[in-house]
Amino acid sequence: MISAIVSGFTGAMGQKVLAMIQADAQLQLVGVYNPSVTDLTPATYDLAPTVQVFNQLDQITIGADVWLDFSTPSGAFANTQFAIEHGIRPVIGTSGMSEAQIAELQQLANQRHVGGIIAANFGVSAVLMMKFAQLAAKYFDHAEVVEYHHDDKRDAPSGTALNTAKLIYDAQGHDEPGNPREQDPLGARGGDYHGIKIHAIRLPGFVADEEAIFGGPGETLTIKQSTTDRASFMTGVRLALDAVMTRDELIVGLEQLI
Amino acid sequence: MISAIVSGFTGAMGQKVLAMIQADAQLQLVGVYNPSVTDLTPATYDLAPTVQVFNQLDQITIGADVWLDFSTPSGAFANTQFAIEHGIRPVIGTSGMSEAQIAELQQLANQRHVGGIIAANFGVSAVLMMKFAQLAAKYFDHAEVVEYHHDDKRDAPSGTALNTAKLIYDAQGHDEPGNPREQDPLGARGGDYHGIKIHAIRLPGFVADEEAIFGGPGETLTIKQSTTDRASFMTGVRLALDAVMTRDELIVGLEQLI
Amino acid sequence: MISAIVSGFTGAMGQKVLAMIQADAQLQLVGVYNPSVTDLTPATYDLAPTVQVFNQLDQITIGADVWLDFSTPSGAFANTQFAIEHGIRPVIGTSGMSEAQIAELQQLANQRHVGGIIAANFGVSAVLMMKFAQLAAKYFDHAEVVEYHHDDKRDAPSGTALNTAKLIYDAQGHDEPGNPREQDPLGARGGDYHGIKIHAIRLPGFVADEEAIFGGPGETLTIKQSTTDRASFMTGVRLALDAVMTRDELIVGLEQLI
Amino acid sequence: MISAIVSGFTGAMGQKVLAMIQADAQLQLVGVYNPSVTDLTPATYDLAPTVQVFNQLDQITIGADVWLDFSTPSGAFANTQFAIEHGIRPVIGTSGMSEAQIAELQQLANQRHVGGIIAANFGVSAVLMMKFAQLAAKYFDHAEVVEYHHDDKRDAPSGTALNTAKLIYDAQGHDEPGNPREQDPLGARGGDYHGIKIHAIRLPGFVADEEAIFGGPGETLTIKQSTTDRASFMTGVRLALDAVMTRDELIVGLEQLI
């Protein structure tokens, strides 16, 4: 039985985390935290009376095995620091911390032998896609990355697509050769990362799909992950919960566990 | 039984045309033509003794139902003109004629009531893909086109992809709305045709695939054609052979028959 | 401006219909109906005070342009009959009516010149997929159907997949030839409808995807629709709303409008 | 520079092997072997005069670094034995040897410290697909396998598809749970291997595609390899050539190198 405190419990991801915990007999919710709430009655949030609601960090004296944080960037560092100092293993999905902040937290966790994880993406299929792309890159000289997202997404390409191209480049060790005779007046060949082309498709109906395609003489290899519901992150969060219980350092990235 | 003369019979496509004719009991090869050959012995080309080999247009006096032309741009116009004037229905896959030349040939064919077809692409799946994209465009405000070709291809996007975008635009009747907040520093969003994005992927292992993707709230529709062997053109050529036998005008584009 | 009454307004689909109407300036919600509710206060259901809540058919005297029904099978016939008799054009997504009942309603609507539609599936991409499959079937001798659904789905294949196979068979006019030498000890070749193989995939992560694949020498054509959110049905409902305003008969199937 | 003898040089695969060697400056063809040929003149087979043509094993006294065998099952064992005994590293794509024969050859190669490989499939993308499927299986409880081949293929499912299901089952360690309420009157759910469903699609236009699909809450992961030309095997053969030069045992399966 793993006891948990959920930070950012009123947000969309926080609510999915609560649902996951409540559906899992191995997990027990003991507290929730959000500095913006004023009502501290559990029933207001459809929580059992045994769950304590907090709006100030220093009032959280109950202890727990894990600290699940899907809140806002502004509080991420302080929350994680608080958790480590109180021996509560942090599982952090909140973005916005600097590399320096993360390094400081890692040092603190190491000193106190507290296991934990900070991850930008808890999607298991996305992490596996990147991992397999990295492995495949050794056997193919040519790769392209295609990602498909809803038309409201502002940034192109997606962070996962760019990261996938980086992992492929690192594995290949050199720029991919282009076709010097190619003519592309419209820019249809897409974005370029060391010769690896990246294509971003934006259409309503997609949630988030990421695809790496490798080509060699007479064959192609495609690794594609498709997200239809952000609840998919809960698979990765669950994996992380088990992992941090047996670790004694703060790791960065779900790929470290897979 | 349809009797045929094949122009450009020594080329790659010409050879596939010969193979198709020989495998089809409804078709009979009576002559072949190539101004570059010097040896006029059928056996030299593994042809039956009844097949006549020509290297000059004005020596072709045998008559036939159809003239299949998969030769070189320089001879396309003269060949087609010759066929029409001799009442041999032209089925022309050779590219390179100007619009003016095509118009002149159409006028000639109409005068003489000779059926025929000039097509840049005899791929049935490609023509159907374009047709369906055009139909779907009425029901979706958002579409993107993706094409996949081998890495030796020089032009991007493919003619079929650009043509598909044009057909979608024509059917929608207005530019597709973009996302004004989109940030795309690498050009990953691809080529643009009136708001319809076009993505060209170039990898060894692909022959020629073309894809139109439509998106609406909660759903996508994908129409994809994939070519694994250029022999696929023979399906369209066969379709054209039957069609020209019952027509009395020169049509342009396989889509006119489908 | 189209005024609407929504029957089955408390259900999942009914709620999506309400959301669609509220987001569309061309549509106006005037009433909602559900025989199971006891509280007739609009505010209870987050409805504007101008919207009337009904729990008995004979109390609905307000009149409206359209009657949107996404309720339960038991009430579908009576509801549709009531709407037609009161000159309210029915748009019926509720299943469960017999062919005899539908025929009776069609006769009634024709007599009264009331436009309407009964459809099992308001997914535009699904209807287009079926339509395109039917058109493509004329040009290919070989087709297979693949559908992908979540692992809780009980019936295999899906109704849409079976219907797609039927449409392909109708268009081809004869059984597809099989491979007499084929050996398939595990039944991996899937279900069979007149030689058209149907494959049902059941995995968590899929919502509902349907795919028709056609093959010819050296080429394939794939038509695939993918549903990521059941809200996709609203596109088809919206299309139907406009259509029934200008019709004077009760049609069956969204494909009649596309 | 690796010197090579090619056994089965007149067959389709043998010809592709010759072409690969001739195009690679690191490889040198020194001999070819086929017990069925009677003409031993290199020019007859478009080979350089320095290449020796053999039709009897015991006349091959020239020595070489590697023995490439893509011949017929009847000679595979004797050929491989001959190669090992003469210190020529075997790269064997010829099928038909029994497990006992392979074990005997492995023992012989180990004794003599001769590197070599016997592989049923030299397709790099297929081997990677299987490897990734095996890795992904640890993170997903649900997987299905789909394979697409030309309609002349006799066996369903393909050996690769069945092998992929086996690897997934081995990695998961238990049967996948089914849906006890599922109704499948047509057998559309396909073949079954310990709960992993296998679907075989047979259509002209496909060469050989293999796909593993994994599903979890809200996400899917698809690993697909596609073969458009059997020349793809040469990538794996080339990989094997380098590998056997630095090994001193006979390995079985390209996956041992990847």
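Going by the order they are written in, the chains are A, B, C and D; count residues from 1 in each one.
As a convention for this text, a contact is a pair of C-beta atoms (placed from the backbone, for glycine too) under 8 Å apart; a residue touches a chain by one contact, two chains touch by 3 or more.
Just so we're clear, the structure is a prediction, and the values are computed from it rather than from any experiment.
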Distance in touch steps, counted as few as possible, from chain B out to chain D: 1
Those chains which touch chain C and also touch chain B: A, D
Greatest separation from chain D - chain, by CA centre: C
Which of C-D and A-D has more C-beta contact pairs: C-D
Separation of mean Cα positions, chain D and chain A [Å, integer]: 38
Where chain C and chain D are represented by their mean Cα positions, the distance between them in whole Å: 48
Shared interface positions of chain B, touching two or more other chains: 205-206, 214, 216-220, 226, 228, 232
Touching residues on chain B, where the partner in the complex is chain D: 205-207, 226, 228, 232
Complex contacts: residues of chain C adjacent to chain B: 123-126, 128-129, 131-132, 135-136, 139-140, 214, 216-235, 239, 258
Contact footprint of chain A on chain B as seen in their complex: 142-144, 146, 151-157, 161, 179, 181-184, 186-193, 197-206, 213-220
